[in-house]
Amino acid sequence: MKTVNILIEALPYIKKFHKKKILIKYGGHAMIDENAMESTARDTVLLKYVGMEPIVVHGGGPEISRSMNKMGKEPQFIEGLRITDEETMEIVKMVLVGKINTTIVSKICLHGGRGIGLSGKDSRLIMARKKDPHVITNRETGEKKHVDLGLVGEIESVNPEVIEMLTENNYIPIISPIGVDENARTLNLNADTVAGEIASRVDAEKLIILTDVPGILEDPANPDTLIKKINISEVGELVKSGIITEGMLPKTMTCAQALQDGVKSAHIIDGRIQHSILLEIFTKKGIGTMISK
Amino acid sequence: MKTVNILIEALPYIKKFHKKKILIKYGGHAMIDENAMESTARDTVLLKYVGMEPIVVHGGGPEISRSMNKMGKEPQFIEGLRITDEETMEIVKMVLVGKINTTIVSKICLHGGRGIGLSGKDSRLIMARKKDPHVITNRETGEKKHVDLGLVGEIESVNPEVIEMLTENNYIPIISPIGVDENARTLNLNADTVAGEIASRVDAEKLIILTDVPGILEDPANPDTLIKKINISEVGELVKSGIITEGMLPKTMTCAQALQDGVKSAHIIDGRIQHSILLEIFTKKGIGTMISK
Amino acid sequence: MKTVNILIEALPYIKKFHKKKILIKYGGHAMIDENAMESTARDTVLLKYVGMEPIVVHGGGPEISRSMNKMGKEPQFIEGLRITDEETMEIVKMVLVGKINTTIVSKICLHGGRGIGLSGKDSRLIMARKKDPHVITNRETGEKKHVDLGLVGEIESVNPEVIEMLTENNYIPIISPIGVDENARTLNLNADTVAGEIASRVDAEKLIILTDVPGILEDPANPDTLIKKINISEVGELVKSGIITEGMLPKTMTCAQALQDGVKSAHIIDGRIQHSILLEIFTKKGIGTMISK
Amino acid sequence: MKTVNILIEALPYIKKFHKKKILIKYGGHAMIDENAMESTARDTVLLKYVGMEPIVVHGGGPEISRSMNKMGKEPQFIEGLRITDEETMEIVKMVLVGKINTTIVSKICLHGGRGIGLSGKDSRLIMARKKDPHVITNRETGEKKHVDLGLVGEIESVNPEVIEMLTENNYIPIISPIGVDENARTLNLNADTVAGEIASRVDAEKLIILTDVPGILEDPANPDTLIKKINISEVGELVKSGIITEGMLPKTMTCAQALQDGVKSAHIIDGRIQHSILLEIFTKKGIGTMISK
Amino acid sequence: MKTVNILIEALPYIKKFHKKKILIKYGGHAMIDENAMESTARDTVLLKYVGMEPIVVHGGGPEISRSMNKMGKEPQFIEGLRITDEETMEIVKMVLVGKINTTIVSKICLHGGRGIGLSGKDSRLIMARKKDPHVITNRETGEKKHVDLGLVGEIESVNPEVIEMLTENNYIPIISPIGVDENARTLNLNADTVAGEIASRVDAEKLIILTDVPGILEDPANPDTLIKKINISEVGELVKSGIITEGMLPKTMTCAQALQDGVKSAHIIDGRIQHSILLEIFTKKGIGTMISK
Amino acid sequence: MKTVNILIEALPYIKKFHKKKILIKYGGHAMIDENAMESTARDTVLLKYVGMEPIVVHGGGPEISRSMNKMGKEPQFIEGLRITDEETMEIVKMVLVGKINTTIVSKICLHGGRGIGLSGKDSRLIMARKKDPHVITNRETGEKKHVDLGLVGEIESVNPEVIEMLTENNYIPIISPIGVDENARTLNLNADTVAGEIASRVDAEKLIILTDVPGILEDPANPDTLIKKINISEVGELVKSGIITEGMLPKTMTCAQALQDGVKSAHIIDGRIQHSILLEIFTKKGIGTMISK
């Protein structure tokens, strides 16, 4: 009886998001722990079967560093961004496309979804250009230095045609965050940004970013201070007041940009919790932070 | 969390019956009690939203008799079949099509379904011919007499084109059990038979008959003796042994015929129980009797 | 030879109205007399076969009153509008949808058309809201009183999707003039208004209203004073001068509104005359009053 | 009133032949007399507008001979077949395709049809091969001689794809009876045979051959002896008994072959009579000879 | 190896003009010499097979005059325009549609193209009206006289629907330059103008006019003075300076008009050179004059 | 002029293989040398633009071994088959899908093709099962031993739906030879076998295997002994006589199997030669060995 009542409770959400595109950014814990990945994949397939159109973008930072170490190459970062020489780019590509993407595809297929792996290189899905070298200033010493991150790119355009062909034909696209420039050079991209841009271009209803924190916290040290809902207009204030900071800052900015580009709502949720996607979509309270216009 | 686990448990059924037609015969209590009707309609809409193709056939015996009484016309039956003169047929039509069907359509629409009412007269959906007068023998006295039920019909053919157009365009057809003969004469039909014939013609996955008993009972007086599953091959034995009898006999025969004509499973369930349709489809044990090949 | 010359004379009209929607309001005598109804149905089917897209809206006032009397309930009117309590609404629905609509469907099918019955409740075809109670003033005594007509509605919106699906698939929709509000409550609607609103929404070429007078008459007592053609700009004058009055007033207003909303021409014709529809469409002079822009 | 009754009488035929292909062979008087051609074209367009799919094949013998004479070239025949050297073939092509076909197209368009001219050369619609030279025996002297008719062809195959594209897109194809062989050589074909072969290949309902006699006559000298209907099984007898003879023999054989290849009925009618096509299709008695299986 | 390198060199052009419409005006030598016609047809088919959409318009002046002479009718011209009485019009039609068009169709089909012949009369493809009689002034004597060219027309509108149906279905349309007026009267049209107007109406990428000169020459007497490229803005100057003159003037004006109406580039090339179409499209230098915006 | 003559010579092949699927197995030298890969990609795109449907399957043995060495893992083979433990499988996947496949996709896109990378895991394109351990006998010592190759698979089924969606939408699929079993376990597959099986399943016209030898040689040491054409019936003899041996044996067997399954011709050609694909398809002699039925 409980089973059925819950199905009935889910009905309004199923109706509301019928045929709507849901962009899910797999990240954090959800990418490492086998069980969490299993649960995330199953949730994604369920969304498809109850009539939504899930699209997956995944990250993979930790796995890339692990593989680099294995191959005797030390990962290097400047202000959180990976310095990407050609050799590193090759490893990034192999890990994202050859390892993580294929694993997600497998999990999705195992649970009955028709997953198809893509990268930004497929039919030039994501055109990008190399980030210009830029000057950064050491906050403490005031020293400035020129930084060239190498093959790190900025998105120039997203061509959603392939994605739309796939969703219309009942496939679930799973996308690796690499781009390609005019000369077919591969560029390393930020996965959150890729998720946000694609969400905008395909007119997604929701952008859901899986992380390994509960959402935006008033006090990052205290999970009980989760902010359930914020309006896009409040983001500026929260940044100023130092509540949105560090890792959460770019994620929130990505969400804000996506909302401005037409996405209806953006969600930052905890990928470590089993079935967090479903909990966010199918319950009134949700489990993370929802940002809306 | 419970919510979500249950959705996950429902996933295999959602996948299995994706895009499959489910023929639901609304009958018994489900037709009278406002709450039960509400619940049945909501269940039907949910099936649609999670990807199945529900088609509804309804009955309406008690309501017809009530209306006849109101109009000062006494209902008459021979061996359970309504004697249908022209005036009665007019009332039958008004009650089934004008009252019950429109009410079900309303409930379905209220819960977000796109219900469309049909009768066997619409584009000659159900062609029938008047039942020949026949001889019946009084079991006690052995006395024989000629019986003419009047405008009671036997189905000759079902033309599923309209139904298929509707389901393909995401509508839920709700069908009144009346037929039409070559001369456009309206004929009164048995709703269970209509449900079974349509189920066969549209290649339904399931035929679900809502009644006001728990299903087939070994001892009709004891609801605890419910038979959960029977194979079509066992039906004969159960009839001989007197377990399937009276009202349950024609229903079971309709199910058996539908199975032989290609329907995958037939279900006799208790329409008085809230959400009985979902309980039957989405739980492993079900709540009524399932007949399969 | 005559046969053929007439077909040839009809050709320009057939060409002109090819694939055009023709909204026909069945009313008056055409609804009661079996032969007239037969002839009207046959005409409608012929329009379909020669390439037009007929859509039927029917009325049914007299029949409703007859049925109410039969059930021992006295019909009551205020200024020509039926006071519709819940019980009355139930009877209205049964008579319109269960009796009149199914009869028209039958006639249409008998002559080879693929008629499908609809009411405003089907997939919320006609959304309406209950008319607010209002004050009326007795012309003679000057006495004012509050009037609540009960479940009488005003159209809020027409959703033509179902109708378009049906005409595209070669069906002839036959529509009962009842509506539904947000809460699924059934409302009694004026059939002429329904016809006019649907004509506008489906971009009908013609709105043809069948009545039991020859059309707009200069002298209502003298059928020889029929006005064959009027321009929409002349309507105001004709009302002022008292020529358009009583029953003809709302019909003319419906026509004028439909013309303003894009219908190409509106026709008020005599449904008592056999094949009046064809005479109006296929002859140069027509037989009733044509209103155009 | 008469107008309308006649339309109503035509309805059964309109229904029966809805969306059916009607192959009309324009020949005889209908090709020469401006009025008759006008009337034939109008009839053809009417068939289209009331829902049938007319396809026209035309002949043109007399006109060809007239043009040859004009160009100082004497037409020559052996047993009724035109000896066709290259120069003659050139004239045949110019007259059939450039003159007669364009004139029919014009008439059809003038009456509102969307006529498109075709010859057997268009996209290799009619593949043919040159007739082998053969021996003929003088009936009186018994003398034998070798005869080579030159560029006279036998149909090898008809490729109906173009015709079907045109009819599906609401065009009326008008076809000149010339064929093309593997080497793109143009060949002169018998127009009746072309009509029959195309009728078969496009699954025509009717093959209607316009001639300048009333049909098959028991006594060719007496138009009152018209045979209204014959069954394909009677053809042999009628040939043996000398009733079907001369010009009527190949026409009848073409009809018989078309019937055997699936055409439902074949008609030999008098093209000199105005609107003979409509009279044959829309009246019970018809005006010529109908051959059926 | 050479073969393949050349294919590879052609690839950029094949890509650039993929699915683009190329309007080719067959004229001059290409129409008379059997080999040149063969080569032109083969080129046209090749364009189709490598993914472009060729559409052919042909002329036929010399052949018309030849045929007129043969029939004992002397061709007459005023200022280069053929005086077209009814008899002449008949011959024009026969030669263009019956002879030249069918011959091109044959050649196209022989090389594997699916050629379909059309004239402006087919489904009223080209609507025109008779040129008004006008006054011309003798340059030497200053004498004025009224000139009526007879059935010579000016294009009023082009209805590209048939052409688009054909190209979409992989046919190659071959069009004779005659038009039709409201009364179905046939009118003689200038083939270059027809080519230009159709190019505009179908949004052609290129208009290619085959002539029997190398292109626009600075010194018409010296083929080495070919101007390879001109911008539409330079046309005026070239006319003023007397470089574009006589026969080249109307061709250049047609090109300029087409460019203004949206065609991307226009080409005047030498039809006497084998494969001139391919040389113009697939080589960087081209072989004639290209006019662009 | 040469340019154009060669295009004209290519026309028959372009016509013959219009819309036909061409399965190209990239292997050997073509996979390593940057220029050769560039040339192969350009050829593949050209096939697409001239109307064929290329589908690519690639190998990658040497690259895999190189990467394994880099990661400090020694490649091991038994009778030419790679022993594939889980760690090796991970590297295989990363190299094939993440490195080689994305590189081919890039090259294809750079030359204007719409390449999309796939592996057998995408929507379960290639279902396989682990090869059973088997006994092998040392030819010299006669010693037998059990061999378990680990995650090496045999193809069970190919699901061509994704490939067909892609080719119909003008994409070029590029496929990595890995498969997936019922439990989502990744399996290492032989690329030639994958190419052959897919060729059969998609009804390819041609299977073209790029190698680093000229084709089948009578004397493997002497490239001048190339056998240009063999019939499938001769394969047995050539194997017996020791001409087809070693590496060529499985390739030939794959070709023979594909031919038996409906592929029209199979080609073993030298991928080291620039544009070898075009030379094989567009020249009469070809450059490798063609096997046909």
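In order of appearance the chains are A, B, C, D, E and F, and numbering begins at 1 in each one.
In the analysis below, a residue touches a chain if its C-beta (ideal position, glycine included) is under 8 Å from a C-beta of that chain, and two chains touch if they have at least 3 such contacts.
Which chain is which protein? Per UniProt: A, B, C, D, E, F = Acetylglutamate kinase.
All of these numbers come straight from a predicted model, not from anything done at the bench.
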item	value
Each chain counted as touching chain D and chain F at once	E
Proportion of interface numbers common to chain A and chain F (over half same, under half different)	same
Euclidean distance of C-alpha centroids - chain B vs chain F, Å	57
Between chain C and chain D, centroid-to-centroid distance (C-alpha), Å	48
Where chain E touches two or more other chains, by residue	none
Topology of the chain contact graph, where touching chains are joined (line, ring, star, complete, other)	ring
Chain E-touching residues of chain D, taken from the complex the two chains share	70-71, 90, 93-99, 101-102, 105-107, 109-110, 114-119, 121-124, 162, 165, 169, 171, 180, 183-184, 186
Touch list for chain E against partner chain F, complex	1-11, 14-15, 18, 42-43, 45-46, 49-51, 111-112, 274-275, 278-279, 282-283
